[in-house]
Amino acid sequence: MADEVRGIRVSIPSHPRFLAPVRDLAAWSAEQAGFGCEDTEAITLAVTEGCTNVIRHCYGGKHNERIDVDISFSTRALTIRIDDYGTFVDPASIHSRDLDEVRPGGLGVHLMQQVMDQVRYERNAWGGTSLTLMKHIQGDDHVLRSGELDG
Amino acid sequence: MADEVRGIRVSIPSHPRFLAPVRDLAAWSAEQAGFGCEDTEAITLAVTEGCTNVIRHCYGGKHNERIDVDISFSTRALTIRIDDYGTFVDPASIHSRDLDEVRPGGLGVHLMQQVMDQVRYERNAWGGTSLTLMKHIQGDDHVLRSGELDG
Amino acid sequence: MEVTREKHGDSVLLVIAGQIDMYSSPELRAELTAALESGSKRLVLDMEKVEFIDSSGLATLIEVLQKLRGSEGKLRLSNLSSGVLAVFELSNLDQLFDIRATREEALQDDPA
Amino acid sequence: MEVTREKHGDSVLLVIAGQIDMYSSPELRAELTAALESGSKRLVLDMEKVEFIDSSGLATLIEVLQKLRGSEGKLRLSNLSSGVLAVFELSNLDQLFDIRATREEALQDDPA
(Lines give C-alpha, C1' and ligand atoms only; values in the text may rest on other atoms or scores of the structure.)
Protein backbone atom coordinates (compact mmCIF):
# COMPACT_ATOMS: atom_id res chain seq x y z
CA MET A 1 0.00 0.00 0.00
CA ALA A 2 2.74 2.43 0.96
CA ASP A 3 4.34 2.06 -2.44
CA GLU A 4 1.03 2.22 -4.19
CA VAL A 5 0.31 5.74 -3.00
CA ARG A 6 3.77 7.24 -3.46
CA GLY A 7 2.40 9.43 -6.17
CA ILE A 8 -0.71 10.64 -7.90
CA ARG A 9 -3.13 8.77 -10.08
CA VAL A 10 -5.62 10.63 -12.23
CA SER A 11 -8.37 9.24 -14.44
CA ILE A 12 -9.75 11.39 -17.23
CA PRO A 13 -12.22 10.96 -20.06
CA SER A 14 -10.57 10.57 -23.46
CA HIS A 15 -11.40 14.15 -24.42
CA PRO A 16 -8.57 16.48 -25.48
CA ARG A 17 -10.00 19.07 -23.12
CA PHE A 18 -8.47 17.10 -20.25
CA LEU A 19 -4.92 17.14 -21.61
CA ALA A 20 -4.18 20.53 -20.04
CA PRO A 21 -4.95 19.58 -16.42
CA VAL A 22 -3.00 16.33 -16.79
CA ARG A 23 -0.09 18.38 -18.09
CA ASP A 24 -0.38 20.69 -15.08
CA LEU A 25 -0.30 17.71 -12.72
CA ALA A 26 2.72 16.27 -14.52
CA ALA A 27 4.50 19.63 -14.35
CA TRP A 28 3.76 19.98 -10.66
CA SER A 29 5.02 16.45 -10.05
CA ALA A 30 8.20 17.05 -12.03
CA GLU A 31 8.91 20.21 -10.06
CA GLN A 32 8.28 18.42 -6.77
CA ALA A 33 10.63 15.68 -7.87
CA GLY A 34 13.31 18.28 -8.42
CA PHE A 35 13.44 18.46 -12.21
CA GLY A 36 14.45 21.77 -13.73
CA CYS A 37 12.43 23.77 -16.20
CA GLU A 38 13.69 22.05 -19.33
CA ASP A 39 13.11 18.53 -18.03
CA THR A 40 9.69 19.54 -16.75
CA GLU A 41 8.75 20.74 -20.23
CA ALA A 42 10.04 17.48 -21.67
CA ILE A 43 7.89 15.48 -19.27
CA THR A 44 4.73 17.47 -20.01
CA LEU A 45 5.38 16.99 -23.72
CA ALA A 46 5.77 13.23 -23.36
CA VAL A 47 2.66 12.80 -21.23
CA THR A 48 0.65 14.87 -23.72
CA GLU A 49 1.86 12.77 -26.66
CA GLY A 50 1.09 9.55 -24.82
CA CYS A 51 -2.46 10.60 -23.95
CA THR A 52 -3.08 12.07 -27.40
CA ASN A 53 -2.14 8.75 -28.98
CA VAL A 54 -4.57 6.91 -26.73
CA ILE A 55 -7.40 9.26 -27.71
CA ARG A 56 -6.53 9.07 -31.39
CA HIS A 57 -5.41 5.52 -31.99
CA CYS A 58 -6.81 3.44 -29.14
CA TYR A 59 -10.20 5.10 -28.82
CA GLY A 60 -10.48 6.37 -32.41
CA GLY A 61 -11.26 9.88 -31.21
CA LYS A 62 -14.11 8.80 -28.94
CA HIS A 63 -14.32 11.28 -26.09
CA ASN A 64 -15.85 9.41 -23.23
CA GLU A 65 -13.56 6.44 -22.70
CA ARG A 66 -11.22 6.22 -19.75
CA ILE A 67 -7.52 7.02 -19.50
CA ASP A 68 -5.54 6.51 -16.29
CA VAL A 69 -2.38 8.46 -15.67
CA ASP A 70 -0.27 7.29 -12.79
CA ILE A 71 2.61 9.51 -11.69
CA SER A 72 5.05 8.03 -9.24
CA PHE A 73 8.05 9.58 -7.60
CA SER A 74 11.14 7.94 -6.38
CA THR A 75 14.35 9.62 -5.36
CA ARG A 76 15.91 8.75 -8.67
CA ALA A 77 13.21 9.03 -11.30
CA LEU A 78 9.76 10.18 -12.25
CA THR A 79 7.64 7.47 -13.83
CA ILE A 80 4.38 8.12 -15.62
CA ARG A 81 2.17 5.22 -16.63
CA ILE A 82 -0.65 5.80 -19.07
CA ASP A 83 -3.26 3.02 -19.17
CA ASP A 84 -6.06 2.62 -21.65
CA TYR A 85 -9.00 0.22 -21.62
CA GLY A 86 -8.82 -0.64 -25.29
CA THR A 87 -7.22 -3.60 -26.96
CA PHE A 88 -3.53 -4.30 -26.62
CA VAL A 89 -1.52 -3.12 -29.59
CA ASP A 90 1.67 -4.87 -30.60
CA PRO A 91 4.44 -2.46 -29.57
CA ALA A 92 6.27 -3.38 -32.79
CA SER A 93 3.50 -1.59 -34.70
CA ILE A 94 4.01 1.63 -32.76
CA HIS A 95 6.80 3.65 -34.28
CA SER A 96 7.50 7.08 -35.69
CA ARG A 97 7.71 7.98 -39.33
CA ASP A 98 11.04 8.71 -41.01
CA LEU A 99 11.85 12.30 -39.98
CA ASP A 100 12.98 13.20 -43.50
CA GLU A 101 9.59 12.40 -44.97
CA VAL A 102 7.83 15.62 -43.93
CA ARG A 103 4.11 15.24 -43.37
CA PRO A 104 1.63 16.23 -40.68
CA GLY A 105 1.64 13.64 -37.93
CA GLY A 106 3.89 10.78 -37.06
CA LEU A 107 6.07 12.63 -34.56
CA GLY A 108 4.56 11.74 -31.18
CA VAL A 109 6.42 8.50 -30.51
CA HIS A 110 9.67 10.07 -31.72
CA LEU A 111 9.27 13.01 -29.32
CA MET A 112 8.52 10.73 -26.36
CA GLN A 113 11.61 8.67 -27.15
CA GLN A 114 13.75 11.77 -27.49
CA VAL A 115 12.82 13.36 -24.18
CA MET A 116 12.34 10.37 -21.87
CA ASP A 117 14.82 7.78 -20.65
CA GLN A 118 12.31 4.96 -21.10
CA VAL A 119 9.24 4.54 -23.32
CA ARG A 120 7.71 1.10 -22.93
CA TYR A 121 4.44 -0.42 -24.13
CA GLU A 122 2.94 -3.44 -22.33
CA ARG A 123 -0.37 -5.21 -21.99
CA ASN A 124 -2.15 -4.08 -18.82
CA ALA A 125 -4.40 -5.98 -16.43
CA TRP A 126 -7.49 -4.87 -18.35
CA GLY A 127 -6.25 -6.16 -21.70
CA GLY A 128 -5.45 -2.67 -22.88
CA THR A 129 -2.12 -0.96 -23.37
CA SER A 130 0.06 0.46 -20.66
CA LEU A 131 2.64 3.05 -21.68
CA THR A 132 5.44 3.68 -19.21
CA LEU A 133 7.41 6.91 -19.50
CA MET A 134 10.38 7.26 -17.19
CA LYS A 135 12.96 9.98 -16.70
CA HIS A 136 15.94 9.91 -14.35
CA ILE A 137 16.61 12.78 -12.00
CA GLN A 138 20.12 14.07 -12.62
CA GLY A 139 22.23 15.16 -9.67
CA ASP A 140 20.92 15.07 -6.15
CA ASP A 141 19.30 18.46 -5.80
CA HIS A 142 15.84 16.95 -5.72
CA VAL A 143 13.20 17.91 -3.24
CA LEU A 144 11.48 14.61 -2.51
CA ARG A 145 14.13 12.70 -0.63
CA SER A 146 13.83 9.15 0.49
CA GLY A 147 11.39 8.85 3.34
CA GLU A 148 10.10 12.38 3.19
CA LEU A 149 6.66 11.14 2.23
CA ASP A 150 6.49 8.60 5.03
CA GLY A 151 3.84 9.27 7.62
CA MET B 1 -19.29 3.71 -18.23
CA ALA B 2 -20.19 6.97 -19.97
CA ASP B 3 -21.39 8.45 -16.70
CA GLU B 4 -18.47 7.07 -14.81
CA VAL B 5 -15.95 9.07 -16.81
CA ARG B 6 -17.84 12.34 -17.05
CA GLY B 7 -15.23 13.98 -14.89
CA ILE B 8 -11.88 13.54 -13.27
CA ARG B 9 -10.81 11.24 -10.49
CA VAL B 10 -7.54 11.78 -8.68
CA SER B 11 -5.95 9.66 -5.96
CA ILE B 12 -3.35 11.24 -3.72
CA PRO B 13 -1.37 10.19 -0.68
CA SER B 14 -2.64 11.72 2.56
CA HIS B 15 0.20 14.24 2.64
CA PRO B 16 -0.66 17.96 2.83
CA ARG B 17 1.81 18.51 0.01
CA PHE B 18 -0.82 17.16 -2.38
CA LEU B 19 -3.55 19.61 -1.38
CA ALA B 20 -2.30 22.24 -3.83
CA PRO B 21 -2.54 20.14 -7.01
CA VAL B 22 -5.97 18.87 -5.97
CA ARG B 23 -7.03 22.48 -5.49
CA ASP B 24 -5.70 23.32 -8.95
CA LEU B 25 -7.70 20.47 -10.48
CA ALA B 26 -10.82 21.55 -8.63
CA ALA B 27 -10.33 25.15 -9.79
CA TRP B 28 -9.83 24.05 -13.38
CA SER B 29 -12.97 21.91 -13.16
CA ALA B 30 -15.01 24.73 -11.68
CA GLU B 31 -13.93 27.08 -14.45
CA GLN B 32 -14.72 24.47 -17.10
CA ALA B 33 -18.12 24.01 -15.55
CA GLY B 34 -18.74 27.72 -15.91
CA PHE B 35 -18.42 28.91 -12.32
CA GLY B 36 -17.18 32.45 -11.76
CA CYS B 37 -14.17 33.43 -9.73
CA GLU B 38 -15.93 33.64 -6.39
CA ASP B 39 -17.62 30.26 -6.70
CA THR B 40 -14.37 28.71 -7.90
CA GLU B 41 -12.62 29.98 -4.78
CA ALA B 42 -15.44 28.59 -2.67
CA ILE B 43 -15.08 25.17 -4.29
CA THR B 44 -11.30 25.06 -3.82
CA LEU B 45 -11.79 26.02 -0.18
CA ALA B 46 -14.32 23.26 0.41
CA VAL B 47 -12.23 20.57 -1.26
CA THR B 48 -9.21 21.64 0.78
CA GLU B 49 -11.16 21.48 4.04
CA GLY B 50 -12.56 18.07 3.15
CA CYS B 51 -9.14 16.58 2.35
CA THR B 52 -7.50 18.25 5.35
CA ASN B 53 -10.06 16.63 7.64
CA VAL B 54 -9.36 13.22 6.14
CA ILE B 55 -5.61 13.63 6.73
CA ARG B 56 -6.11 14.94 10.25
CA HIS B 57 -9.05 13.00 11.63
CA CYS B 58 -9.36 9.86 9.55
CA TYR B 59 -5.67 9.08 9.10
CA GLY B 60 -4.41 10.82 12.26
CA GLY B 61 -1.85 12.76 10.28
CA LYS B 62 -0.35 9.70 8.60
CA HIS B 63 1.02 10.76 5.23
CA ASN B 64 0.94 7.67 3.09
CA GLU B 65 -2.68 6.60 3.14
CA ARG B 66 -4.95 7.04 0.16
CA ILE B 67 -7.50 9.75 -0.61
CA ASP B 68 -9.68 9.68 -3.73
CA VAL B 69 -11.14 12.87 -5.08
CA ASP B 70 -13.77 12.46 -7.74
CA ILE B 71 -14.90 15.56 -9.61
CA SER B 72 -17.96 15.23 -11.78
CA PHE B 73 -19.63 17.74 -14.03
CA SER B 74 -23.18 17.97 -15.03
CA THR B 75 -24.88 20.85 -16.73
CA ARG B 76 -26.36 21.96 -13.44
CA ALA B 77 -23.80 21.27 -10.75
CA LEU B 78 -20.25 20.38 -9.85
CA THR B 79 -19.99 17.46 -7.46
CA ILE B 80 -16.81 16.51 -5.62
CA ARG B 81 -16.64 13.25 -3.73
CA ILE B 82 -13.80 12.68 -1.28
CA ASP B 83 -13.29 9.05 -0.25
CA ASP B 84 -11.07 7.74 2.48
CA TYR B 85 -10.07 4.18 3.31
CA GLY B 86 -10.41 4.55 7.06
CA THR B 87 -13.31 3.62 9.28
CA PHE B 88 -16.72 5.16 8.84
CA VAL B 89 -17.42 7.98 11.24
CA ASP B 90 -20.93 8.75 12.39
CA PRO B 91 -21.87 11.95 10.55
CA ALA B 92 -23.58 13.14 13.72
CA SER B 93 -20.16 13.40 15.34
CA ILE B 94 -18.86 15.67 12.60
CA HIS B 95 -19.80 19.25 13.31
CA SER B 96 -18.24 22.66 13.73
CA ARG B 97 -17.59 24.40 16.98
CA ASP B 98 -19.68 27.32 18.16
CA LEU B 99 -18.34 30.29 16.18
CA ASP B 100 -18.45 32.55 19.27
CA GLU B 101 -16.03 30.34 21.14
CA VAL B 102 -12.84 31.54 19.46
CA ARG B 103 -10.10 28.92 19.31
CA PRO B 104 -7.76 27.58 16.67
CA GLY B 105 -9.51 24.88 14.68
CA GLY B 106 -13.07 23.75 14.40
CA LEU B 107 -13.96 25.83 11.34
CA GLY B 108 -13.55 23.39 8.44
CA VAL B 109 -17.00 21.81 8.46
CA HIS B 110 -18.60 25.21 8.94
CA LEU B 111 -16.78 26.64 5.92
CA MET B 112 -17.74 23.69 3.71
CA GLN B 113 -21.38 24.10 4.74
CA GLN B 114 -21.28 27.83 4.10
CA VAL B 115 -19.88 27.67 0.59
CA MET B 116 -21.42 24.48 -0.84
CA ASP B 117 -25.03 23.60 -1.56
CA GLN B 118 -24.61 20.10 -0.20
CA VAL B 119 -22.19 18.53 2.31
CA ARG B 120 -22.99 14.89 2.94
CA TYR B 121 -21.13 12.12 4.75
CA GLU B 122 -21.81 8.47 3.93
CA ARG B 123 -20.19 5.08 4.34
CA ASN B 124 -18.37 4.12 1.15
CA ALA B 125 -17.86 0.71 -0.47
CA TRP B 126 -14.53 0.28 1.35
CA GLY B 127 -16.02 0.85 4.80
CA GLY B 128 -14.54 4.32 4.98
CA THR B 129 -16.19 7.71 4.71
CA SER B 130 -17.35 9.39 1.55
CA LEU B 131 -17.85 13.14 1.65
CA THR B 132 -19.96 14.63 -1.12
CA LEU B 133 -19.64 18.35 -1.82
CA MET B 134 -22.05 19.75 -4.40
CA LYS B 135 -22.58 23.23 -5.77
CA HIS B 136 -25.23 24.30 -8.28
CA ILE B 137 -24.32 26.30 -11.33
CA GLN B 138 -26.33 29.52 -11.37
CA GLY B 139 -27.63 30.82 -14.67
CA ASP B 140 -26.92 29.05 -17.91
CA ASP B 141 -23.67 30.63 -18.98
CA HIS B 142 -21.77 27.44 -18.39
CA VAL B 143 -19.28 25.99 -20.80
CA LEU B 144 -19.88 22.27 -20.51
CA ARG B 145 -23.29 21.86 -22.02
CA SER B 146 -25.22 18.66 -22.17
CA GLY B 147 -23.66 16.30 -24.64
CA GLU B 148 -20.56 18.32 -25.31
CA LEU B 149 -18.42 15.61 -23.80
CA ASP B 150 -20.00 12.84 -25.82
CA GLY B 151 -17.74 11.11 -28.28
CA MET C 1 4.02 30.12 0.45
CA GLU C 2 6.78 32.70 0.88
CA VAL C 3 7.25 35.02 3.85
CA THR C 4 9.59 38.00 3.97
CA ARG C 5 10.23 39.90 7.18
CA GLU C 6 11.04 43.60 7.48
CA LYS C 7 11.54 45.82 10.50
CA HIS C 8 9.52 49.07 10.42
CA GLY C 9 10.25 51.11 13.55
CA ASP C 10 8.33 49.45 16.34
CA SER C 11 6.67 46.99 14.03
CA VAL C 12 7.63 43.85 12.21
CA LEU C 13 6.10 43.56 8.77
CA LEU C 14 5.61 40.08 7.36
CA VAL C 15 4.76 40.02 3.68
CA ILE C 16 3.09 36.72 2.88
CA ALA C 17 2.69 35.38 -0.62
CA GLY C 18 1.07 32.25 -2.00
CA GLN C 19 -1.26 29.71 -0.47
CA ILE C 20 -1.85 29.07 3.21
CA ASP C 21 -3.12 25.58 3.92
CA MET C 22 -2.29 22.58 6.09
CA TYR C 23 0.97 22.19 4.18
CA SER C 24 2.25 25.73 4.57
CA SER C 25 0.71 26.61 7.96
CA PRO C 26 3.57 25.10 10.00
CA GLU C 27 6.00 27.34 8.14
CA LEU C 28 3.75 30.36 8.72
CA ARG C 29 3.55 29.46 12.40
CA ALA C 30 7.35 29.29 12.58
CA GLU C 31 7.69 32.69 10.90
CA LEU C 32 5.14 34.25 13.23
CA THR C 33 6.80 32.77 16.31
CA ALA C 34 10.19 34.03 15.18
CA ALA C 35 8.74 37.49 14.62
CA LEU C 36 7.13 37.52 18.06
CA GLU C 37 10.37 36.37 19.65
CA SER C 38 12.32 39.11 17.93
CA GLY C 39 10.87 41.35 20.64
CA SER C 40 8.62 43.48 18.50
CA LYS C 41 5.34 44.43 20.06
CA ARG C 42 3.52 44.97 16.80
CA LEU C 43 3.11 42.49 14.02
CA VAL C 44 1.72 43.50 10.63
CA LEU C 45 0.88 40.79 8.10
CA ASP C 46 0.55 42.08 4.60
CA MET C 47 -1.64 39.62 2.73
CA GLU C 48 -1.93 41.25 -0.68
CA LYS C 49 -0.20 38.31 -2.32
CA VAL C 50 -2.02 35.58 -0.41
CA GLU C 51 -4.00 33.68 -3.03
CA PHE C 52 -5.64 31.20 -0.73
CA ILE C 53 -6.28 30.66 2.96
CA ASP C 54 -8.13 27.82 4.63
CA SER C 55 -9.09 26.98 8.21
CA SER C 56 -5.54 25.80 8.96
CA GLY C 57 -4.35 29.30 8.14
CA LEU C 58 -7.08 30.89 10.23
CA ALA C 59 -6.15 28.61 13.14
CA THR C 60 -2.53 29.72 12.89
CA LEU C 61 -3.55 33.37 13.05
CA ILE C 62 -5.92 32.77 15.97
CA GLU C 63 -3.02 31.17 17.86
CA VAL C 64 -1.08 34.43 17.53
CA LEU C 65 -4.01 36.45 18.84
CA GLN C 66 -4.18 34.14 21.83
CA LYS C 67 -0.45 34.41 22.49
CA LEU C 68 -0.71 38.18 22.43
CA ARG C 69 -3.68 38.27 24.75
CA GLY C 70 -2.85 40.08 28.01
CA SER C 71 0.38 41.43 26.56
CA GLU C 72 0.95 44.78 24.91
CA GLY C 73 1.47 43.07 21.57
CA LYS C 74 -0.73 43.81 18.59
CA LEU C 75 -1.48 41.93 15.38
CA ARG C 76 -2.76 43.69 12.29
CA LEU C 77 -3.62 42.29 8.89
CA SER C 78 -3.59 44.37 5.73
CA ASN C 79 -4.45 44.22 2.07
CA LEU C 80 -6.68 41.15 2.04
CA SER C 81 -8.01 40.16 -1.37
CA SER C 82 -11.77 39.78 -1.53
CA GLY C 83 -11.42 35.99 -1.61
CA VAL C 84 -9.26 35.86 1.50
CA LEU C 85 -11.45 38.38 3.32
CA ALA C 86 -14.47 36.23 2.48
CA VAL C 87 -12.96 33.31 4.41
CA PHE C 88 -12.56 35.55 7.49
CA GLU C 89 -16.13 36.79 7.09
CA LEU C 90 -17.57 33.31 6.70
CA SER C 91 -15.90 32.40 9.99
CA ASN C 92 -17.03 35.56 11.83
CA LEU C 93 -13.40 36.49 12.27
CA ASP C 94 -13.40 39.76 10.36
CA GLN C 95 -14.43 41.57 13.56
CA LEU C 96 -11.99 39.70 15.81
CA PHE C 97 -8.92 40.60 13.75
CA ASP C 98 -7.67 44.14 13.20
CA ILE C 99 -7.92 44.24 9.42
CA ARG C 100 -6.68 47.35 7.57
CA ALA C 101 -7.09 48.28 3.95
CA THR C 102 -3.46 49.16 3.27
CA ARG C 103 -0.05 48.25 4.53
CA GLU C 104 0.66 51.90 5.35
CA GLU C 105 -2.44 52.16 7.50
CA ALA C 106 -1.56 48.95 9.31
CA LEU C 107 1.95 50.23 10.04
CA GLN C 108 0.69 53.56 11.40
CA ASP C 109 0.42 54.25 15.11
CA ASP C 110 -3.10 54.59 16.38
CA PRO C 111 -3.90 57.97 17.88
CA ALA C 112 -3.08 57.49 21.57
CA MET D 1 -5.06 29.19 -26.69
CA GLU D 2 -5.82 32.69 -28.02
CA VAL D 3 -5.11 33.99 -31.49
CA THR D 4 -5.28 37.63 -32.57
CA ARG D 5 -4.97 38.64 -36.18
CA GLU D 6 -3.47 41.90 -37.50
CA LYS D 7 -2.82 43.12 -41.02
CA HIS D 8 0.71 44.48 -41.58
CA GLY D 9 1.05 45.69 -45.18
CA ASP D 10 1.40 42.58 -47.29
CA SER D 11 1.50 40.28 -44.30
CA VAL D 12 -0.96 38.89 -41.84
CA LEU D 13 0.40 38.66 -38.32
CA LEU D 14 -1.13 36.04 -36.03
CA VAL D 15 -0.18 36.44 -32.39
CA ILE D 16 -0.68 33.13 -30.66
CA ALA D 17 -0.85 32.76 -26.89
CA GLY D 18 -1.25 29.75 -24.64
CA GLN D 19 -0.97 26.05 -25.25
CA ILE D 20 -1.17 24.26 -28.59
CA ASP D 21 -2.23 20.64 -28.27
CA MET D 22 -4.84 18.26 -29.67
CA TYR D 23 -7.55 20.33 -28.00
CA SER D 24 -6.54 23.73 -29.39
CA SER D 25 -5.08 22.64 -32.74
CA PRO D 26 -8.44 22.62 -34.57
CA GLU D 27 -8.93 26.24 -33.56
CA LEU D 28 -5.41 27.12 -34.69
CA ARG D 29 -6.07 25.36 -38.00
CA ALA D 30 -9.26 27.40 -38.45
CA GLU D 31 -7.42 30.65 -37.73
CA LEU D 32 -4.63 29.77 -40.15
CA THR D 33 -7.09 28.80 -42.86
CA ALA D 34 -9.02 32.04 -42.39
CA ALA D 35 -5.77 34.02 -42.62
CA LEU D 36 -4.74 32.22 -45.80
CA GLU D 37 -8.17 32.80 -47.31
CA SER D 38 -8.00 36.50 -46.54
CA GLY D 39 -5.74 36.67 -49.58
CA SER D 40 -2.50 37.57 -47.88
CA LYS D 41 0.58 36.00 -49.34
CA ARG D 42 2.64 36.18 -46.18
CA LEU D 43 1.75 34.75 -42.84
CA VAL D 44 3.74 35.59 -39.72
CA LEU D 45 3.05 33.65 -36.53
CA ASP D 46 4.37 35.35 -33.45
CA MET D 47 4.84 32.64 -30.84
CA GLU D 48 6.31 34.62 -27.95
CA LYS D 49 3.33 33.77 -25.75
CA VAL D 50 3.07 30.12 -26.75
CA GLU D 51 3.77 28.17 -23.57
CA PHE D 52 3.47 24.71 -25.03
CA ILE D 53 3.36 22.97 -28.37
CA ASP D 54 3.06 19.27 -29.10
CA SER D 55 3.06 17.16 -32.25
CA SER D 56 -0.57 18.12 -32.99
CA GLY D 57 0.58 21.73 -33.19
CA LEU D 58 3.54 20.82 -35.37
CA ALA D 59 1.22 18.87 -37.68
CA THR D 60 -1.05 21.89 -38.03
CA LEU D 61 1.90 24.08 -39.02
CA ILE D 62 3.23 21.49 -41.48
CA GLU D 63 -0.21 21.46 -43.14
CA VAL D 64 0.14 25.19 -43.80
CA LEU D 65 3.59 24.71 -45.34
CA GLN D 66 2.12 22.05 -47.61
CA LYS D 67 -0.79 24.28 -48.64
CA LEU D 68 1.64 27.06 -49.52
CA ARG D 69 3.91 24.80 -51.53
CA GLY D 70 4.04 25.83 -55.17
CA SER D 71 2.32 29.14 -54.42
CA GLU D 72 3.95 32.46 -53.72
CA GLY D 73 2.79 32.32 -50.11
CA LYS D 74 5.24 32.37 -47.25
CA LEU D 75 5.03 31.30 -43.63
CA ARG D 76 7.32 32.68 -40.98
CA LEU D 77 7.49 31.98 -37.28
CA SER D 78 8.95 34.41 -34.77
CA ASN D 79 9.85 34.74 -31.14
CA LEU D 80 9.87 31.08 -30.14
CA SER D 81 10.66 30.41 -26.50
CA SER D 82 13.49 27.96 -25.93
CA GLY D 83 11.01 25.27 -24.90
CA VAL D 84 8.92 25.64 -28.05
CA LEU D 85 12.01 25.83 -30.27
CA ALA D 86 13.27 22.63 -28.66
CA VAL D 87 10.19 20.76 -29.90
CA PHE D 88 10.92 21.94 -33.46
CA GLU D 89 14.55 20.92 -33.10
CA LEU D 90 13.72 17.50 -31.70
CA SER D 91 11.57 16.94 -34.79
CA ASN D 92 14.18 18.23 -37.27
CA LEU D 93 11.74 20.96 -38.24
CA ASP D 94 13.81 23.97 -37.22
CA GLN D 95 15.42 23.95 -40.68
CA LEU D 96 12.17 23.34 -42.56
CA PHE D 97 10.38 26.36 -41.07
CA ASP D 98 11.50 29.95 -41.57
CA ILE D 99 12.06 30.87 -37.92
CA ARG D 100 13.02 34.45 -37.04
CA ALA D 101 14.22 35.86 -33.76
CA THR D 102 11.84 38.82 -33.62
CA ARG D 103 8.43 39.76 -34.92
CA GLU D 104 9.94 42.81 -36.68
CA GLU D 105 12.40 40.67 -38.55
CA ALA D 106 9.68 38.23 -39.55
CA LEU D 107 7.53 41.08 -40.88
CA GLN D 108 10.38 42.56 -42.92
CA ASP D 109 10.70 42.00 -46.63
CA ASP D 110 13.62 39.90 -47.67
CA PRO D 111 16.14 41.65 -49.89
CA ALA D 112 14.91 40.84 -53.38
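Should a chain be cited, it is by its letter among A, B, C and D, assigned in written order, with residues numbered from 1 in that chain.
Going forward, contacts are C-beta pairs under 8 Å (C-beta built on N, C-alpha and C of every residue); 3 or more make two chains touch, one makes a residue touch a chain.
Not measured: the values here are computed from a predicted model.
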Partition of the remaining chains by touching, absent subunit D: one piece
Averaged-CA centre spacing for the pair subunit D and subunit A, given as whole angstrom: 27
Centre-of-Cα separation between subunit C and subunit A, whole angstrom: 41
Touching two or more other chains - residue numbers and ranges from subunit B: 17, 20
Sites on subunit D at which at least two other chains make contact: none
Inter-chain touch pairs (all): A-B, A-D, B-C
Residue numbers on subunit C that touch subunit B, as the complex places them: 19, 21-23, 52, 54-56, 58-60, 62-63, 65-66, 82-83, 86-87, 90-93, 96
Residue ranges of subunit B touching subunit C (in the complex, touch as defined): 16-17, 19-20, 23, 37-38, 41, 44-45, 48-49, 52, 55-56, 99-100, 102-105, 107-108, 110-111, 114-115
Interface residues, subunit B side, partner subunit A - complex: 1-2, 4-15, 17-18, 20-21, 24-25, 28-29, 32, 59, 61-66, 149-151
